[in-house]
Amino acid sequence: MSAARAAALAARLVEVRAATARLCAPLGPEDMVVQSMPDASPAKWHLAHTTWFFETFVLGPHAAGHRPYREGWSVLFNSYYVAAGPRHPRPERGLLTRPTVAEVRAYRAAVDEQVQALLRTPTGQRPEVLALLELGLHHEQQHQELLLTDILHAFSRNPLRPAYAPRPAPTAGPTPPLAWREHGGGLVRIGHGGEGFAFDNEGPAHQVFLHPFALATRLVTAGEFQAFIDDGGYRRPELWLSDGFGAVQAQGWEAPLHWEASRGELRRFTLHGEWPVDPSAPVTHVSYYEADAYARWAGARLPTEAEWEAVASGQPVAGPFVEDGALAPPGVEQGSLFGGAWAWTASPYVPYPGFRPAAGAIGEYNGKFMVNQLVLRGGSCLSPRSHLRASYRNFFPPAARWQMTGIRLAR
Amino acid sequence: MSAARAAALAARLVEVRAATARLCAPLGPEDMVVQSMPDASPAKWHLAHTTWFFETFVLGPHAAGHRPYREGWSVLFNSYYVAAGPRHPRPERGLLTRPTVAEVRAYRAAVDEQVQALLRTPTGQRPEVLALLELGLHHEQQHQELLLTDILHAFSRNPLRPAYAPRPAPTAGPTPPLAWREHGGGLVRIGHGGEGFAFDNEGPAHQVFLHPFALATRLVTAGEFQAFIDDGGYRRPELWLSDGFGAVQAQGWEAPLHWEASRGELRRFTLHGEWPVDPSAPVTHVSYYEADAYARWAGARLPTEAEWEAVASGQPVAGPFVEDGALAPPGVEQGSLFGGAWAWTASPYVPYPGFRPAAGAIGEYNGKFMVNQLVLRGGSCLSPRSHLRASYRNFFPPAARWQMTGIRLAR
Amino acid sequence: MSAARAAALAARLVEVRAATARLCAPLGPEDMVVQSMPDASPAKWHLAHTTWFFETFVLGPHAAGHRPYREGWSVLFNSYYVAAGPRHPRPERGLLTRPTVAEVRAYRAAVDEQVQALLRTPTGQRPEVLALLELGLHHEQQHQELLLTDILHAFSRNPLRPAYAPRPAPTAGPTPPLAWREHGGGLVRIGHGGEGFAFDNEGPAHQVFLHPFALATRLVTAGEFQAFIDDGGYRRPELWLSDGFGAVQAQGWEAPLHWEASRGELRRFTLHGEWPVDPSAPVTHVSYYEADAYARWAGARLPTEAEWEAVASGQPVAGPFVEDGALAPPGVEQGSLFGGAWAWTASPYVPYPGFRPAAGAIGEYNGKFMVNQLVLRGGSCLSPRSHLRASYRNFFPPAARWQMTGIRLAR
Amino acid sequence: MSAARAAALAARLVEVRAATARLCAPLGPEDMVVQSMPDASPAKWHLAHTTWFFETFVLGPHAAGHRPYREGWSVLFNSYYVAAGPRHPRPERGLLTRPTVAEVRAYRAAVDEQVQALLRTPTGQRPEVLALLELGLHHEQQHQELLLTDILHAFSRNPLRPAYAPRPAPTAGPTPPLAWREHGGGLVRIGHGGEGFAFDNEGPAHQVFLHPFALATRLVTAGEFQAFIDDGGYRRPELWLSDGFGAVQAQGWEAPLHWEASRGELRRFTLHGEWPVDPSAPVTHVSYYEADAYARWAGARLPTEAEWEAVASGQPVAGPFVEDGALAPPGVEQGSLFGGAWAWTASPYVPYPGFRPAAGAIGEYNGKFMVNQLVLRGGSCLSPRSHLRASYRNFFPPAARWQMTGIRLAR
């Protein structure tokens, strides 16, 4: 049984690692070094950090006689695991021109080989080792989406406006009207409690009491958001949280990130270069503050994460995603709660009742970030489909805009 | 009925306004101008702003033919009500040497007189006017506590360490052992739904589902907190939220605010000057981050606001408080959930289900701050007793330390 | 001889100290506490610091058995003399509500009395003691001007725009045309080398070689400067030093400090309140960057300090000044190099050849500031007349604008 | 004559451009993108900017029918020439991953070819075109030194401490004792007035009056500077300018840049990696503040630029330099005023009497920086020898430390 699971994970390892490599295919060494803001990381660093994760948490404690691949690299590629040792300052990841991209690729190959070898041993087939390996795979999938949003941000700062990939043929049809799915409320069970992988922050499963509510059947579109802008949305403090309007003024926000007025129209910078805003596509790259203000303007509100999950639970994870490294078309499949854009919820990111992080450095994965952030749900068109589920809790600070973040209304 | 309520509120107005004045008695004009940090306000500004509140929300719309007391003062003393017009920048309140303290006192007297006159008219006895007046009284009581914590902060920045008031005789006996009050959980009703005054953020009353829990019978003491310090609490990142440890390092925190090591012992600066830390008194002037880290170190956690309220509901509001402007002794009455120090809860400050702020500028009182803050419960020894109740939700950002904030554990 | 000089200085002490007190007559305690920016100091602090100077450098080392007036005050009122002990942080002078204004006035009286007593003793009549006393008098005169410019800055930040003093009747006649006084250059002697008081930075007297030049016979007027503004002066980078245009953009400069466009005209905030700009008065409150850009726009340049002194040497110190605490009318006496406004020179503030600061704390008076500043010459209408002379070197950083700084052209 | 000069410059162009290329030979594409601080620039940017200089100032106005090499590149590679159009923000040069290194190399080749073609035409042989070409060559030589100091800084921020080049065999013998060369003072002529190339800021040649002085025969060594450190130099405010000690405290300086205490000894990071400090080599990477404090500690002072030039004038430009892209050994040739390290002078960077910058964008080369900087003289071991001369005025702000800046004493 463990041997079978080990074999399955070995095959999965090959797939996930290859998908990451494919995401870097359009990038040159210059592109892979840059860090365009402290929140973002260089592509090269993503390649190395995800490898460090396997080396540190799988090979280090479990592969007999394992020696660090290179002395000094752990400091460079440890993100925030204090218990795993010192860490290079996050805002200075872009200063690391060495190791080179080629050296990092060799690092990936070496660690992959050692993990595969471990999986063929009884030690490597122990459940706790396989659990760590599976965590590493999901961890790498998280970084696949980050790698893309970070490159998008980096390219957006270059006046030459390079495109990561050619633009696919648009497939979006007309936008269906916004409809509402009613829910009767009452005691519902949320959180992950069954089979399959989940991060620690998705549990324990527990009951919450909900009041009756309705959830929108689709995400807010760029065209709808443009109506908010045209109605003076960014200049009307009564629509905003106080901190939100402070951010509008301090940052000079007038539209979502990567939008700009030029050549007489609203245009949007994407991984495919700069194009006119497509009014039927979901609005993305909005902060929580903008999502909240939009909802207030629209006479609605953002859902809580429990409301979202109460509806999403049991639904298929359908939607346009990054499949094996190929970018999905920008449209959004109607009627699914997954894909398209991460939906900001009204729920601050706090532990579920009875939550206990794992012991040791792995316990730092999620728990220590449970303040000053909001939960997002559902995944985006840049999320690998196999990475998502109804109980998945993503989280970002309320001013973050460089992710594929959008709006789904509730009332 | 309305006439009787008007008369009662007229008497209450006299009391509350006099209490504010008494709090300023130990202060000279120099003391009343200073603003020692952007979050704090000068005493003179508190005197004027609370008066502006009555003038703007009671007299302005309801007193026939009301003219602003002085042209240009509304800008100076409007705190954050965007709908009430422009506002002097908050960090520059300490630059306003004019109007003088004497001029502000005359302003208070004039507005008091006009409000009393209004209360003797049928218009002034209409329920909506009385409701605004009552809101103004509770507003002023909030500022009474702020005035004291702001003066404490200002005096703490003066190397001469002035005392606001002489030290009362210590009354605290030995600290009782920490005990736990069990609660069985289930569906409980929280929020304000009955008679009497409440702020809008305390409603609507609603049901929440609680898991069984226990709440500590008293606040954490300074002596207990010192054990945390002695155990390296401020140097162990595994005890902290990531943002919290970031604050520790960026701010150089090594103890609660106003504590310092000097002359071979831990001392604490208070409104009575600097004294050795009293180990039996509740620890105060800790941030949410410190409260959270202490709880983790102690093998416990902070309560949610619903847990706190489920226990506090129906209990008497007993405790040492500021009564009519006289500072209470520093001890804490055992067994009460009120007074002593505000208890940080684990609950981010979010709207209750179905919350709707009032229309107009008054709607800015609470609702627009519902992000990036944590709820505190129970009041402190500087809170006027008549200002508190079980449903009261105070809120501050997680790094705030200049208030009388403390720790009550749950598990 | 020394006794006679001691008696003369005793009388001078009474005059200078009384003049400072008179400058504070229009101010209330609230006004005297405020510090509106780190470069400025509260009026109360000026009163105390100038007293501390006499106590520290005259009484401390020379009055037998002198004890500090109050323990802990030296830290508060030491400005920047590292060798004289620790110092309260400069940006926090406005947080010192205690000692009160009344206490500081008592401090002044006590130190005055002790100095007068010392002057009646043989010790107090020793030349080195009298030299320190005389230094203290000139030091206090420097602070008289600072006290006024600091109050002007503080009042300018108050939207009520208080006036320090009523407006005197304007006396300025028509502006004479700008003329040029030619100088043939060659080897000239500058610096202080003769009788009478001078600061250490005015010596040693020494020779410099000058090329032939011409110096304007009067200061640039506000009307002339307005022509620079109207010609787009603040928007044309080719007129500015690179750092200067950086300051324009970073600070949003569009006119001299205390000027603003309102009610359809250019107005200027002064110690007499806000008034229309008087085109015939000298422009003041310009930075070195603005003076330099104006000169370039006008096809001229700023003089070096040696050029200025070569012309000023031997001229009478005439001009409108603060005489005994009475503000002079705002006009400028034509043809004098003194008064009106401090003239920015093109000379960085560096030591003269052979300069040696005095030993001990007094040596910090000038020498340690000889970098990143420019020399100004001639005094302003706020300078006490008896404080000025041809060799006097004032100095400020190039972006400073809160002093009475103006422009005299050369070519 | 012009044809001969054109041919000579054509050959010189090949040499200088090849030398720049050779400096990049040890660098990979990753290394060439990074910008480790706002003052520094990526190697790729240096390659492109020096090319842009030739394209903009030589080809643009003088090559018939010249079209920009690529639309949009001028914005990227214009450094600070406002009159030459908009400029990419300096601190964001490190965000430009495109154009790639290969594309920039192709740009270099194309512009070189076009300039060579121009030089074969009568237009290209006109004196004003040749003068611009020669300016471009000296401009490129300036950037050769910057490219190396910027790479040194970038590599210093990488914990792996990469070496740019292998360490040459040390050649320094014992340090000769410090001796003094006397100069009698009087009227001397300084500035560039004769044949050969000079930047505009080196003229006009003019007379200055000097007092007798003596100049040290060699630079201060690392060993001598270590004695200053060991004597508490960085902790004694009386040795420092006030701004200098402020920098020490704000930046935490305890030694020159790139020095650090590790493994029980003082070590220094160089282009050859990290090595023990060589006590006989000149101290480098000190700010003006440190040079000034060292001189005060040593009982001496820094020379003025006129003093330095009065001695250097007529001496041969001998010393260890970067010759054609090969790094010189780290020792310093004794007795020469050139090479080794740039000597901070006590002279603020101001225009010489009668200085007029060139018309147009080229006039921005030097003149607009004449404030807040100090003059340095003599060149360093990273300066191309053919780039130096006695009248050469380099300049940096007083806190700058990332250049090869050292100390030569005067008295």
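Miscellaneous remarks
So that you can tell them apart, the chains are marked A, B, C and D in the order they are listed, and the count of residues begins at 1 in each.
Note that a residue touches a chain if its C-beta (ideal position, glycine included) is under 8 Å from a C-beta of that chain, and two chains touch if they have at least 3 such contacts.
Keep in mind the model is a prediction, meaning the values are calculated, not measured.
Taken together, subunit C and subunit D share no touching chain. Separating the centre of subunit A from that of subunit C, both taken as means of CA atoms, is a distance of 59 Å.
We define each chain's centre as the mean of its Cα atoms; on that basis subunit A and subunit D are separated by 46 Å. In terms of their C-alpha centroids, the spacing between subunit A and subunit B amounts to 38 Å. Residues of subunit D in contact with at least two other chains: none. Because contacts link each chain to exactly two others and close back on themselves, their graph is best described as a ring. Here, these are the chain pairs in contact: A-B, A-D, B-C, C-D. Interface residues of subunit B, counted against subunit A in their complex, comprise 80, 82-83, 187, 206-209, 211, 237-238, 240-244, 288-289, 292, 346-348, 350, 353-354, 364, 368-372, 398.
In the complex of the two chains, the subunit A residues touching subunit D come out as 28-34, 36, 44, 72, 75-76, 88, 92, 94-101, 154-155, 157-160, 162.
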